[in-house]
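There are two complexes below, and they share subunit A, which is joined by subunit B in the first and by subunit C in the second.
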Partner chain A sequence: MKLYVKAISTYRSDRESLDIKKELKRKYKLDTRRQDSFIHLSVFGAQRLKESAEIKKDDELFLTSGVGNIDVIARTNLAVIEKGEFIKPFDFINMLGNTTSYYVATSLGVQGKNIFDISDSFPVLNSLILIYSSLFHSKKEALFGSIDLISESEELIRRVMGIAMDMPVVSSVNYQKLSLQNSDALAELEFSAHSYSKEELLEIVNRNTERTIYKSMRCKEFPFQANDKFFATDASYFINYAISNKEDILYIDFFEGRYKILKVSNL
Partner chain B sequence: MADIKILNYALQSAQGNLQNTIHAIKNSSLSIASKRVVMQDEDIEIPYFLLKNRVEDNFKEIYKALKDVVQESISGLDDIQKQKTALLLGTSLVDANLVKAVESTLYEYKKTPYYSQKRSIDSFGKDLAQELGLNSFTMTISTACTSSVNALLEAKNLILSETFEYVIVVGVEISSDMMSNGFSSMKLLSNDAQKPFDIARDGLVLGEGIASILIGKGDAPWSIRSGYSNCHSVNITSVSPSGQEYVEVMQKAMQEGGLTQNDITLLKAHATSTPTNDLSEMNAIAEVFDPSLDFTALKPYTGHTLGACGVLELAILIGTIEDGFIPKTIGHTVSINRDYIPLLEHKAFNGNGIFMLNYFGFGGNNTSLIIQRELT
Partner chain C sequence: MKTYINNYASRSCAGNTTELMNAIYNKQTAITIDNTFMEDTPVGLGKMQYDNFFSLLKDVVQEVLESSNLKDFSETLLIVGSSVGGMAESEKHYFKDKNYTNIDPSRHPISVITEELESKFGFCDTRAISTACTSSANAFLLAKRLMSVNAYKNILIVGADALCYTTVCGFYALSVLATQECTPFNVNREGMNVAEGIAALLLQTTATKDSIEVKGVGASSDAYHMTNPDPEANGAISCMKKALDDANVDITMIDYINAHGTGTQANDRVEALAIEKLFISAPPVSSTKAVTGHTLGAAGALEAIISCEVIKRGIVPPQTALQEAENSNINLPKEAFKKDIHIVVSNSFAFGGNNTAVVFGEVE
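On to the complex of A and B.
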């Protein structure tokens, strides 16, 4: 399967020091009321993408995340279950995954398909498969956002991510504009629905010696470079990193003993 | 478009399994429970369609109930076919795993030693795939009340692109205090009963439900003809009173299927029984169809099962038609549009037909699905 990247945007909280909410109001003149940090981060990434991407009203929007908006669950759990309080309507609405998608779509002016999805194993690579299949049918283009927000308690995010207690974590948002057509594309993404064993992966690695190889921080095997801080959707970050640095890469994702790969080739 | 067939389906609702649910609908012998919810000034008891086989709001119990339904739907697949079957789950469920992690991290009296395991709402799908021998590709789609119907449309795309041969689409919604209190806070719940498109409608009744539908390129009388979804509303919870946003999905679904309004045998309305959404949907129906349209609502039989209603109501509609009838709309007395009155008696039906199913949710997610029955 192949998809073509027409535009990208990236933000990592350890690389840029920004007050996202203020930036949404100051730079993008957006109303941030009734939203929370997860929604702000998602909208911010989308607005950055809009600076370089042609956005069409019927573009399909797909958002994914390692875990979603966990802080709002913590807040409402504390209010409803622990304190027996009345839930605030907008906290309730913000608990729904597609609330974030709504605010992103509204800020971009898109009104097409809008999907918020989560995969336990390979959130970014499985989303790409879903997007490929959707575009195969609709012949439209897609906007794809991957969002991970550190919760107010870093321990909480580590507990649900399946990582060590001392692993550094970071907030991040990455977007791509994707198409089945390669005209005016920045890069080609190649991926498949298959997952591989360690032996099968080694064969693939040996056939791709011309590419720089990166891996997920979940992958303890192999001496390839990984991110220095964890976020569940770092496959999306590496797409943008490869394009920004004009580097053709092979990215290895890993979950519970199986590997998936993503090739990024600059055009 | 190649025919994507509906190969099998199963469900659990407040009325029981598929057979029990059809029997309860046919004979208007409905079971309904109640639940206490927190209101601003007082706690009140509200009607609630809780599953007949009670399921507690924890991962273990929900997983077991899900497994029973999914197993039933894939019973016709051999081991090789199962390996070619992806699983998509649609839900707006508050993730029990996250709640547990929140409690064991943030509350001193519930604090547990650090233990980390990747868990998300998709863990249900991942564990089911592993245990039942399905392909490891699982995803969970969360688009409020359109979650599982949108999962069904994405599943159809996965088959059309030849990524998978089969997809099992699962919808699940189990009662949680956060969800019922949340709907209560928005003043969307009826203290009485659902009255679809009725001048006296005063809100929805929540329901629990689990349903699964297996689709693929096999041989079966039911197929997915077309479908369309958008994200279009005037605010986070409502579309315009004219229902233009709903008109768009209904018309585009028909356009994709090469159909006109005269081809539609029956419309299964979303019909939440809330004052604003029923008005918008009725106005949209009146713009797209003429008054001779047969339409009905299923939520009075099972409650509003939120993210599960996409596949649950689809399974119920197919099941009742297979049983020879289209269900009447109960709870309806006087229509908000005198020219458009839903079916008030069960209608005998044994032939071929094309059926539109509407689903609308918070966050501007609107979906119209069209299925077809062709008996050989």
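On to the complex of A and C.
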């Protein structure tokens, strides 16, 4: 399966010091009321993408996340327990995945299909498969956002993600505009629905002579470079990293004994 | 590549699939008035009977496996549609410990369902769609598209949501809950009944003798308002049109519409308007949520099973609890009746203007 990247946007909280909410108001003149930090981060990434991408009304919107909007769940439950308060309407609404999609779609002015896809194994690679199959049918283009927000309690994130308590974590949002057509594309993404065993992956790695290999921080095997901080959607970051650095890469994702790969080739 | 529903099983407050269909045809609501979640405010809820939600979930999936032509699910993709997933599990931790200490990654909301099923059945891959009340309807969209590009030959769709404080109290906070049994499409309707449900359907690229085809799926995002649908019904119309185009069927070929029909003011008014505007031939329409309540993320899958049964039985479900329709221009049958039913449309609409329609039909 192949998709072509037409535009990208990236934000990492450890690389840029920004007040996202203020930035949405100041730079993009957007109303931020009734939304929480997860929605702000998602909308911010989309607005950054809009700076370099042509957004069409019928573009399809796909969002994915590692832990989703865990803060609002924690906040709501604690409020109910500690303060005896009732659930606030907007906290309840903001818990829903399509609330984030709604605000992103509204801020971009898109009215195409709109899916919040959660995969607890390979969030980015599985979403790419979904996007490919959807575009194959619709012949339209897609906006793909991958969002991970570090909550006030980093420990909570680590526990939910099942990662080591000393692993550094970071908030991140990465978007791509994706198409089945390669005209004016920045890069080609190649992936499949297949999961590989360690032995199969070793063969692929040994055959590789052209690409720099990167891996997920979940992957303890293989001596390849990984991110320096964890976020579940770092495959999306590596797509944008490869394009920004004009570097053709092979990215290895890992979850519970299974590997998946993504090839990024600059055009 | 075509997509066929070859096996399915369900549980709702009305029981298993056979019991559910009997309740639908006999207009027997399974909603109970209950104050478990809000002591001072009893509301209508669709509660299932079980000791453990996840044990029942596995039982339902096991039923599907045993009735299928598969030995196991090792070459099957699992797609879960759920709005709150394991929220009830999280609530247990929070309410018991009053802190996060005992959160177990495998009990995290949404993915807890895939984790539970993966550990027992060993699927080749798993994923979850969370778009609130369209979650498992969107699972059909994903499944049909994945099968059309030969990504998978077997896909198990599971729609599952359990009752929990968050949904009951959350919908109450939005002032859309009915204190009595819901009455979809009635002029004097009060609101919706939150309910729980589990529905599992095995989709395959080859048909068996009892298959129903997933002929088309359409989705739209009207992005009109966070909680209210576009009052002109453009989003609802758009997704139904797309589903019909995808299925390559004309609007005059639709024999029955399984409406989203939650019983809320906004949904029923707009959905009825959409059906009135689009279907000039006025096919029979009913909402089975008057029997089951609104099973949220499970609704699309549960009502897919109802749609399959309606096609196989050739009996149109009546609109339970219908007294006086708000919109008399749509065809809401007050009693069940026999009819050759070849093609059914099932609607699911969610917050944020997230709309999905699925077209089911006999195998040609």
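Convention: the second predicted complex is superposed on the first by the 263 of 267 C-alpha atoms of A that agree within 3 Å, B and C clash if a C-alpha of one lies under 4 Å from a C-alpha of the other, contacts with A are read in each partner's own complex, and residues count from 1 in each chain.
Heads up, the rule we're going with is that a residue touches a chain if its C-beta (ideal position, glycine included) is under 8 Å from a C-beta of that chain, and two chains touch if they have at least 3 such contacts.
Just so it is clear, the structure is predicted and the values come from calculations on it, not from any experiment.
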Fit or clash between subunit C and subunit B when superposed on subunit A: clash
First (subunit B), second (subunit C), both or neither touched by A:S37: neither
First, second, both or neither for A:L96, with subunit B first and subunit C second: both
Contacts of A:N266 with subunit B and subunit C, given as first, second, both or neither: neither
Touched partner set for A:N182, first subunit B, second subunit C, both or neither: neither
Partner chain(s) touched by A:T212 [first = subunit B, second = subunit C, both, neither]: neither
Which superposed partner A:A164 touches (first subunit B, second subunit C, both, neither): first
Contacts of A:S133 with subunit B and subunit C, given as first, second, both or neither: both
Overlapping contact positions on subunit A, where the subunit C interface meets the subunit B interface: 1, 34, 61, 67-68, 73-74, 76-78, 80-82, 86-89, 92-93, 95-99, 101-102, 105-106, 110-121, 126, 129-130, 132-134, 136-137, 153, 155-156, 159-162, 193, 195
Subunit A residues within the subunit B interface of the complex: 1, 34, 61, 66-68, 70, 73-74, 76-78, 80-82, 84-89, 92-93, 95-99, 101-102, 105-106, 110-121, 126-127, 129-130, 132-134, 136-137, 153, 155-156, 158-165, 193, 195, 255, 258
Subunit C - residues contacting subunit A, complex: 77, 83-84, 87, 90-91, 94-95, 98, 100, 103-106, 108-111, 114-115, 124-132, 134, 138, 141-142, 145-146, 148-149, 151-152, 165-166, 169-171, 173-174, 219-223, 226-227, 246, 350-354
Residue ranges of subunit A in contact with subunit C within the complex: 1, 34, 61, 67-68, 73-74, 76-78, 80-82, 86-89, 92-93, 95-99, 101-103, 105-106, 110-122, 126, 129-130, 132-134, 136-137, 153, 155-156, 159-162, 193, 195
For the subunit B and subunit A complex, residues of the former touching the latter: 38-40, 86, 92, 94-95, 97-99, 101-107, 114-123, 125-126, 135-144, 150, 154, 156-158, 160-161, 163-164, 177-178, 181-186, 229-233, 236-237, 361-365
